[in-house]
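Paired with chain B in one complex and with chain C in the other, chain A is shared by the two complexes that follow.
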Partner chain A sequence: MTTGIKIAEVGDVDDGEGIRIDKAATGTEDDIALFSAAGRYYALNDTCTHEKASLADGWVEDGAVECPLHVGKFCLRTGEVLSMPANESTVAHRVEVQGEDIILYPGETPSEETE
Partner chain B sequence: MTTNDSPQSVVIVGGGVAGISAARELRRLGYDGDLTIVDAGAAPYDRPPLSKDYLLGTKTMPDIHLAPAKWFADQNVTLVTTTRVERIEPDAGQVLLSDASVLHADAIILATGGTPRPLPVPGGDLPAVHVLRSAEDADRLRAALTPGTRLLVIGAGLIGAETASTALHLGASVTLVDPMSVPLLPAVGPEVAAFLHAQHPERGITTIHGSVTGIAQESQTSPLVATLATGDTIEADLVLAGIGITADTALAEAAGLDIDNGVIVDYSQRTSHPRVFAAGDSSRRRGPDGVLSRRAEHWDAAEGTGRAAAAGVLGREPVTEISSWFWTDRHGIHVEGVGDMSPSGTTVLRGTLGDGPATVFRLDGDRVVGAVSIDDSNAIRAARRMIDGRISVTAEDLSNPEHNLRSLLRSTASKG
Partner chain C sequence: MTAINLTPPSANPQTHTERGDLHRPAALTPTVDVSSLIDTTNGVVDRAIFTNREIYEQELRRVFAPSWLFLGHVSQLTKKGDFFTTYMGEDPVIVSMDQDKKIQAFLNSCRHRGARVCRADAGNTKAFSCTYHGWAFDLQGKLQNVPNEAGYNEKFDREAWGLVPVAQLDTYRGLIFATWNPKAPPLPEALGDMAWYMDAMLNRDPEGTEVVGGVMKWVLKGNWKLAAEQFATDWYHVNMSHASALMVLSPTGKGPVSGIANTPGRQYVDPQGHGAGFPTHPKSRFDAQAVHEHYDYDALRDRLGAARVEGPMTTGHATVFPNFSYLPVNGSIRIWHPKGPDEMEVWAWTLLDKSMPPEVKEAQRLYNLRTFGPSGIFESDDGENWSEVQAISHGFITNNTPLNYQMGLGSERHDGVYPGTTSELYSDAAGRSFYARWADLMNTPAWHEETE
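== the complex of A and B ==
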């Protein structure tokens, strides 16, 4: 179990949008893209595995985010690559809502019940 | 096999985006029979980087592979790269390879792509006249491009303009010739076409509106001299011809399939032979009304028709049609286009061209029919959904950069 880090508050991310959180604040190897979709929060490594682009700026739809540069798509829950030209999955991290705080657990695999 | 039987063996000819996309989709749809991709040469790779990061040297072959080696093993896909397809025998369900081996195929997907059109002028076949389609082409061009090299690019379409931009980065001195005063007009509309073309001289590329009628070289060590229709001449060390491709239809033609500047297919990508499908640059759709579409030569079309061919092979419903989409990267900007910018209609500008993210929308009444963006791909993703969903919008909705297009789409969807 890693220690959770507060990375945002409820309301910071509009539904269907993402925000980028600097790795200086999270201590992760990459910046973190925090998404809100259909009432849940998801966290992925922010840099697309295909080219230098921020997934937080991507298009969120049907449980996936599409890279803003090309059409590489990643599953919000697992980070699995769903579409070319990306050929490598990204890393998904567990996030949890505690009161008004959104807590990131870096490196922890999200469960089905991830909020 | 009849059209209702499920195939037990599928051979895909060609390992570009269309071929790999078809293979991925076959497995995704649950097809668990034999699956072979034949493409002589390197493991399947992505072509768009060849004129950009790969040519620049910031990406290498493993970076541009369409699928890691592990994927082929995991998905039980046999990749044949040591020989090529000599002939297909659709009636017998056979694919004959150059090494004399024979693959059985209940279904064949032709994803053979295209070949750069050779420069149709005297001297167009000189060794210093390059084309750019394969990684080998890019390697050759890269080796010849040293700082100070004088590069003449013929054709200012996507490949020509991207290569000119990359060559400039590599220290070359670049001249770009095109017979159109403003290239790419049908693809991006007049506003963006003018903006994009003006970028070249701003960055130090010499642009010439004209046609090259011949290229001469006194000896193998002397420079090339290109003559223009006006009689003017341009001296260069290298030429890149980026004047389009011709569809590789030889296998289909030899098998007696219907061809017309592409292998003719229906909406499930089926050719005139029920066992053979075609996808990507070499395929051309014929609608139920008998009208032939223009052959699409973009990455997205190859990916989409690859998936459609997989669905066709398995007798599934055709993949939903979505409007055409493309991108191009040059001079540090990312350009995307969707739909059709050629028809007349209202033009709506969001942002300012040349000053941060900007998008030009083309409207027909209250419907978006096309859009092109500079560094604003989410506007294009929104536009694509507006076009496909036939969503009615106002110019004010689109033009105000403060209006979130995603929210607009969501509110319209919930109303609808």
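== the complex of A and C ==
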């Protein structure tokens, strides 16, 4: 079990939107895209696996994020690739809401109950 | 011999990496001397200017490409990422609001294989990505991403392959204009005295104007000049073409009284091809009742001057050369997009004063639709006339029979009331001036043409 890192507070991300957290703050290999969708938070590696685009700028719909440049799609919960032209899954990280804080557990696989 | 060199009219001319050794032979772009097709001294026009394909293509490169053209209204863009698409001549254009909320306009054609990178009418986006191979452009049209960029050699420079930007973009009281021509005079100079007349519509309200209800778009058979010319110069058709509409709108059901039907008025004749006509009878104001009651005409006289309130603010008509037209009382602004010599697309907006109360805005919106919407009772009269003229104009004898633009020949003068040169309300003077300007541009090499 890794140590959690506070990356944002409740209210920092509007529902249906994403924000980009710099890797300098998370110590991860890539920036982190933090999404809020239907009352839950999700974290993915920010750079699309297809081309250089920030998934935090993407379109959130039906539990997935669509890349703003070429409309490749990824599952918010698992990072699984869902649509061409992307064809490699991305990395999903566990996030937890603790009080007002949103905590990232880098490298940990999110569970079904991810908040 | 002249050849065409379609260097993108941006501040950075094309480099060898963009153009290679391409050079378009002059034979591909033949030039017709049109000076014998327009005779403004005798007031006659050759009908070939409405039907000939070579003349039409010359118009695209010598009239549309070098001129300031209307794109839309600033109220169509409110937050970053907002965009709408339109045309400049036949060139598809994206107008966007960038990260700094600055208005940008660029050619809607991918620099790779040429597909449109945006096929929506309007919306909000983060990028414009080509659906063909995926070249993606940002809100300023800069090339942001090329899939498999590693497949290009080290000479490939993304900076060089952005969407072609317009050379100049400016706004006039909420109206967005742009030109591909880096050498075009600044917009205020290009509008000249016409701005004084435009202010009768655009400067009634200190808060300015807005457009509502989207852009109404329809296709008409007819050369674009038939419409542009009519809005510049033609009050003459009103009592005849619109007889039934005037009967319907008159409170008595018998049509307007003689003094209004045969109103005096003036017609503004601009040397740059713009034109505006307006009755000067104080009651010649075919407006919606709620709007009429909303206006404080004494305050407007203080703001705009009596001549403007009793002149171009009445039931007037106008064209800003080449293809932007408007009707101040009806709240209609529109552009006549050329679609080949025989067809045009009309794009029309409802323009309102920003500080009108909601019920007045709604009354004006409905009045605009009723009179000059796509099925408006005046609009359909006009469209029918233009299509009728075009429908027969390819006949050999028909096409060789000149048209008459002789009304008001020699009547143009400085009248001491209105800026610039004016003629009678019933006159072809602004039409003659429209075609003089057209012929002048058609016979002048544009900035993109170079002498070999």
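Following the convention adopted for this analysis, the second predicted complex is superposed on the first by the 115 of 115 C-alpha atoms of A that agree within 3 Å, B and C clash if a C-alpha of one lies under 4 Å from a C-alpha of the other, contacts with A are read in each partner's own complex, and residues count from 1 in each chain.
Rule of thumb we're sticking to: contacts are C-beta pairs under 8 Å (C-beta built on N, C-alpha and C of every residue); 3 or more make two chains touch, one makes a residue touch a chain.
Not measured: the values here are computed from a predicted model.
Visitor: Once chain A from each complex is brought into register, does chain C clash with chain B or fit beside it?
Guide: clash
Visitor: With both complexes overlaid on chain A, does A:His70 touch chain B (first), chain C (second), both or neither?
Guide: Touch status of A:His70: both partners.
Visitor: Classify the contacts of A:Met84 with the two partner chains as first (chain B alone), second (chain C alone), both, or neither.
Guide: First partner only, chain B.
Visitor: Thinking of the overlay built on chain A, is A:Glu17 touched by chain B (first), by chain C (second), by both, or by neither?
Guide: A:Glu17: touches chain B, not chain C.
Visitor: Could you look at A:Asp57 and tell me whether it touches chain B, chain C, both or neither (first, second, both, neither)?
Guide: Both: A:Asp57 reaches chain B and chain C.
Visitor: Counting touched residues of chain A, say whether chain B or chain C comes out ahead.
Guide: With both complexes superposed on chain A, more residues of chain A are touched by B.
Visitor: Can you tell which stretch of chain B collides with chain C among 133-141, 367-375 or 385-393?
Guide: With the two structures superposed, the offending stretch of chain B is 367-375.
Visitor: List the residues of chain A that touch chain B in one complex and chain C in the other.
Guide: Touching chain B in the first complex and chain C in the second, residues 51, 57, 68-71, 85 of chain A appear in both lists.
Visitor: Along chain C, where are the residues that touch chain A in the complex?
Guide: 125-127, 129, 134, 136, 144-145, 147
Visitor: Which of the residues in chain B end up touching chain A in this complex?
Guide: For this pair, the touching residues of chain B are 17, 20-21, 24, 46, 48, 53, 65-68, 71, 299-300, 303, 327, 334, 377-378, 381, 406-407, 410.
Visitor: In their shared complex, at which residues does chain A touch chain C?
Guide: The touching residues are 50-53, 57, 68-71, 85.
Visitor: Once bound in the complex, which stretches of chain A touch chain B?
Guide: 14, 16-17, 51, 57-59, 66, 68-71, 84-85, 87-88
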